[in-house]
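I'd like to ask you about the structure that follows.
For clarity, chains are labelled A, B, C and D in written order, and residue numbers in each chain start from 1.
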Amino acid sequence: MQEIRQPGAHSYVFSRYLEPIAKVKPGEAVVIHTKDAFENRITSDSDVPSELLGDYLNPQTGPIWVEGAEPGDTLAVHILDIEPARDWAVSVHKPGFGGLTATAVTRMLHEPLPEKVFIYKLENGRLTANPRLSFPWRPFLGTIGTAPELEAVSALTPADHGGNMDVPDTKPGNIVYLPVRVPGAYFFTGDCHAGQGDGELCGVALEISAKVTLKFELIKGKAIRWPRIESKDELMVVGSARPMEDAARIAYAELIDWMIELGWDKWEAYQALTQIGKLHVGNMVDTYYSLVAKIEKTYAYIDDKGGSPE
Amino acid sequence: MQEIRQPGAHSYVFSRYLEPIAKVKPGEAVVIHTKDAFENRITSDSDVPSELLGDYLNPQTGPIWVEGAEPGDTLAVHILDIEPARDWAVSVHKPGFGGLTATAVTRMLHEPLPEKVFIYKLENGRLTANPRLSFPWRPFLGTIGTAPELEAVSALTPADHGGNMDVPDTKPGNIVYLPVRVPGAYFFTGDCHAGQGDGELCGVALEISAKVTLKFELIKGKAIRWPRIESKDELMVVGSARPMEDAARIAYAELIDWMIELGWDKWEAYQALTQIGKLHVGNMVDTYYSLVAKIEKTYAYIDDKGGSPE
Amino acid sequence: MQEIRQPGAHSYVFSRYLEPIAKVKPGEAVVIHTKDAFENRITSDSDVPSELLGDYLNPQTGPIWVEGAEPGDTLAVHILDIEPARDWAVSVHKPGFGGLTATAVTRMLHEPLPEKVFIYKLENGRLTANPRLSFPWRPFLGTIGTAPELEAVSALTPADHGGNMDVPDTKPGNIVYLPVRVPGAYFFTGDCHAGQGDGELCGVALEISAKVTLKFELIKGKAIRWPRIESKDELMVVGSARPMEDAARIAYAELIDWMIELGWDKWEAYQALTQIGKLHVGNMVDTYYSLVAKIEKTYAYIDDKGGSPE
Amino acid sequence: MQEIRQPGAHSYVFSRYLEPIAKVKPGEAVVIHTKDAFENRITSDSDVPSELLGDYLNPQTGPIWVEGAEPGDTLAVHILDIEPARDWAVSVHKPGFGGLTATAVTRMLHEPLPEKVFIYKLENGRLTANPRLSFPWRPFLGTIGTAPELEAVSALTPADHGGNMDVPDTKPGNIVYLPVRVPGAYFFTGDCHAGQGDGELCGVALEISAKVTLKFELIKGKAIRWPRIESKDELMVVGSARPMEDAARIAYAELIDWMIELGWDKWEAYQALTQIGKLHVGNMVDTYYSLVAKIEKTYAYIDDKGGSPE
């Protein structure tokens, strides 16, 4: 199986202006090696993040050229497996970053919150920093996306190309649908999390380096505007925006569009999601907030046709 | 058992300026009859909501005087049961109200969305409008709260007194903790929903009139700032604000405060919620949005002491 | 001339549930005495606000009954004069309050900003705390409004009834138009400012007690939804909401409605405000933010008819 | 004088990945030709914007290499003159774009507002579409900025590099200070407006093609985080973010930083801006909203030193 590693020159942007580091074929399973969001620079709870980290974070492995991908297609990414590449994860209270702190965007006159490093040992399917901080192994891809048409977007930003969504639903067993906006798609991924709560409250999940197995498929001539996720039982859309209500509106409005593709009347889809939709917060810390709107397939599929966006 | 009915003069505000309609004793279970959010005025899918409804909606049953309640106490409301008072529920696409429409607060120049009534038949544990719109019976109290100290707050508004939170977690089996801010607490409830998705997208859940069985307890000398909910397995806080990120911040910050009461260090609580907290949207349609932050008791209880806010 | 003083029982809410303290006739000029937002409790720069102030602030003089006022009318308040009732003003950096600090609504984990009192001497038309902090006398009414139909709203809140808008445009020479929602209108005012910048950044302007001369007029049968202001040269609407863009939308949308009343086509009014409208921030610190949208009468009056909302 | 024209390949992004089209020396005055935001494609009020316009709008003239500019410097752009390149301007009500409409970010289920073109004749210093829509010539640069360090940002977006701020303060006579983040600065400008109200309400000002005369200066070794503007009498900072309160916070917080550079104590600067600051809305329509915070030099300069950011 092809193995793809992060290049020496780090990739901090989702960008068509970078050279592809590998080529994959639709249908091919590949292994992608990812570094953690801090480029593996923080290794001990005595480290001082503000001294070790620069302005750019969250290095991606990519861009990966998907053969045959053209603007207007959809790239379906099957997440087959995520294996840890080390036996520990790290979280950090990083000054000026997080959900309950003043930031570069929500500017205030406060002193920064105290910085702090938590090292979690991975053992027996759990990540443990101390007896109070011990959580199960629930890995997912914090960052996954394609290149925008003209822009180069920071790897810290989630938007309609995917990116740093930090939603726990991009996990093994699920399919992530991404828009193709440039020839070859320019796929990137990274920022594996060994687990995360809704909102990623302090801004930093259980960060790990990992070995990720993915399979790519192309849905030719089918364009989507925002990332979609399919699990065994559910259809989901991720909306990313500020303020948070705009992310919620995007997620549900796009899910209505998906339901219309499945045969729904627009107003009945609006009604159905009112009564049975799910909406949780992926992140409340990144440059845009990401919310996930869901409907169970049981409710979404109104006839015998499948529900994937073919 | 004492039965309490909505008075002839409808109660559209959470207000200390109204006369109590009943008195309850701590420990006493009572039955409360509630009308639906439209005062039972919409009964057919040929009704025209904009003609039948006035400015004030969401009539409450209350105020109910809780004996012994004084400012600075917490009122624990055990939701024992919700029985439907009729065999149908109603939802409405109401002009100028909802999550994907311009409203009186988010003003735009668009024509209103089309209005529409959905009547759902309750049968065999399901609410069914048609084969595509058929959902299980999952009842909860859309509106529940106490009177503010000086203000009289619209029954359409959720805030730190509770009120129109529209979170599906105020359901049978759970305990809702509310602040007591006036002598007697002045408890109100109403707006029963036969079911609702996260966000209450179109603004109107499966509205029913109902018979609600509650038991009240007082936690003397224990003040809380925002409503808390306890289920068998989880501790929750409801934050209500705009923009939505402020509701999220309130919910998680208050949950940290609850964890500190349980013995947590503030920064470890922040870290724990980052990795294991849950955050979903209750409503994205009311005057304030309501979000629910949760932690499982398994993670919250760090010693042998109980986790309820005594 | 009738003189109206704040009652001993302080009025911290815009409320129909209070007893009117005076009656005025349309056309009558009256003098209203107001206390400062801290009830005159802070008098020295060695005072500690967090020790001297309680939960309720911003006492109003009212309610004042306006004879003949009925729901559906508009109350036109001519601000004739504001005289200082003392020779100093006070501003305060108050913990948990302000535009660049975490607050009870925008919750964070920071320590509060340091508290600090500034006493300004009023002399020769200037307010001077020290050589760097010396500003001209530019008085206005921070808080002015009528009672809502059913709610009782905190005197700290601005909304569609007026209230704590903190916009420097409610000043001598201008007319403030307020909705009448209860018989008698129940007018309140207070919170005089000797001057303020846009946004009222730290949350506390140059607070003074004052003697205010007002004249009331009734516009019978003319309902407005949001406060309007008329100066010699401009028409203005104040929108109050969160997030701030909703306040901006309200202010401009209502100004379009005003222009339609003056004979404008809706789309041309939208176009005209795009090219010539003004929009500044009144406050970015209160429970709702207040923005003021303006158009010069030169552009607004498209024929010989006057522009006041008769 | 060097004249710089927009290249054949249009520049829709502020990007270091493009080839510079010209080089300028500090101290040199140059003439820059700009096309209107629609690339001059709309020329008649019978045109249909949704048919004539693609996804990418707002072409810039650039990148322009500034000799000697290095990351960490500040680029001071003196706006010497803006001359119209034609005798008419255009505004458009464009579906899905504007301040009082649902958009791609604030998603709703409404039909788009009606589209409409307004052609304004420039004559005798006024722009006139009809007797009601006639406004003075008040030209400014809608879009002006430098390239970000790694990202390529849409020319429709304002952010900390400047960009599509749409603030009427970037006008002849004023100096715009921009951060230099890449060698050569990579300066872009375009999107001249013949005039605009605060907020740019419908999303489209009085758009013209123009001939702009600028002079560049470098302030070596002086880094700024957000664009600053200096007029004869005022110091200003432009903050761009969503929700709008974050733009307001940025603008005022950065203005405090500027005042600290001028010798102010942080808390006195906070107090001074509370009492004398100005804050108006530049745009309420772009991907980020832009607000301008100001202080008059009379208040800002507390000693004999100048106030420019050297």
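Keep in mind that, in the parts below, a residue touches a chain if its C-beta (ideal position, glycine included) is under 8 Å from a C-beta of that chain, and two chains touch if they have at least 3 such contacts.
Quick caveat, the model's predicted, so the values are computed rather than measured.
Listing every chain that touches chain C and chain D alike gives A, B. When the C-beta pairs in contact are tallied for A-D and for A-B, the bigger tally goes to A-B. One finds 46 Å separating the Cα centroids of chain A and chain C.
Mean C-alpha positions place chain A and chain B at a centre distance of 32 Å.
For chain B, the set of residues touching two or more other chains reads 100, 106-109, 242-243, 249, 253, 256, 270. The touching residues of chain C, when paired with chain A in their complex, are 100-102, 106-111, 113, 243. Chain D meets chain A in the complex at residues 12-13, 15, 17, 55-56, 105-109, 149-154, 241-243, 246, 249-250, 253-254, 256, 266, 270. Residues of chain A touching chain B in their complex: 91, 93, 99-100, 114, 116, 118, 127, 129, 131-133, 135, 195-206, 242-245, 248-249, 252-253, 256, 264, 267-268, 270-281, 284, 289, 291, 293, 299, 302.
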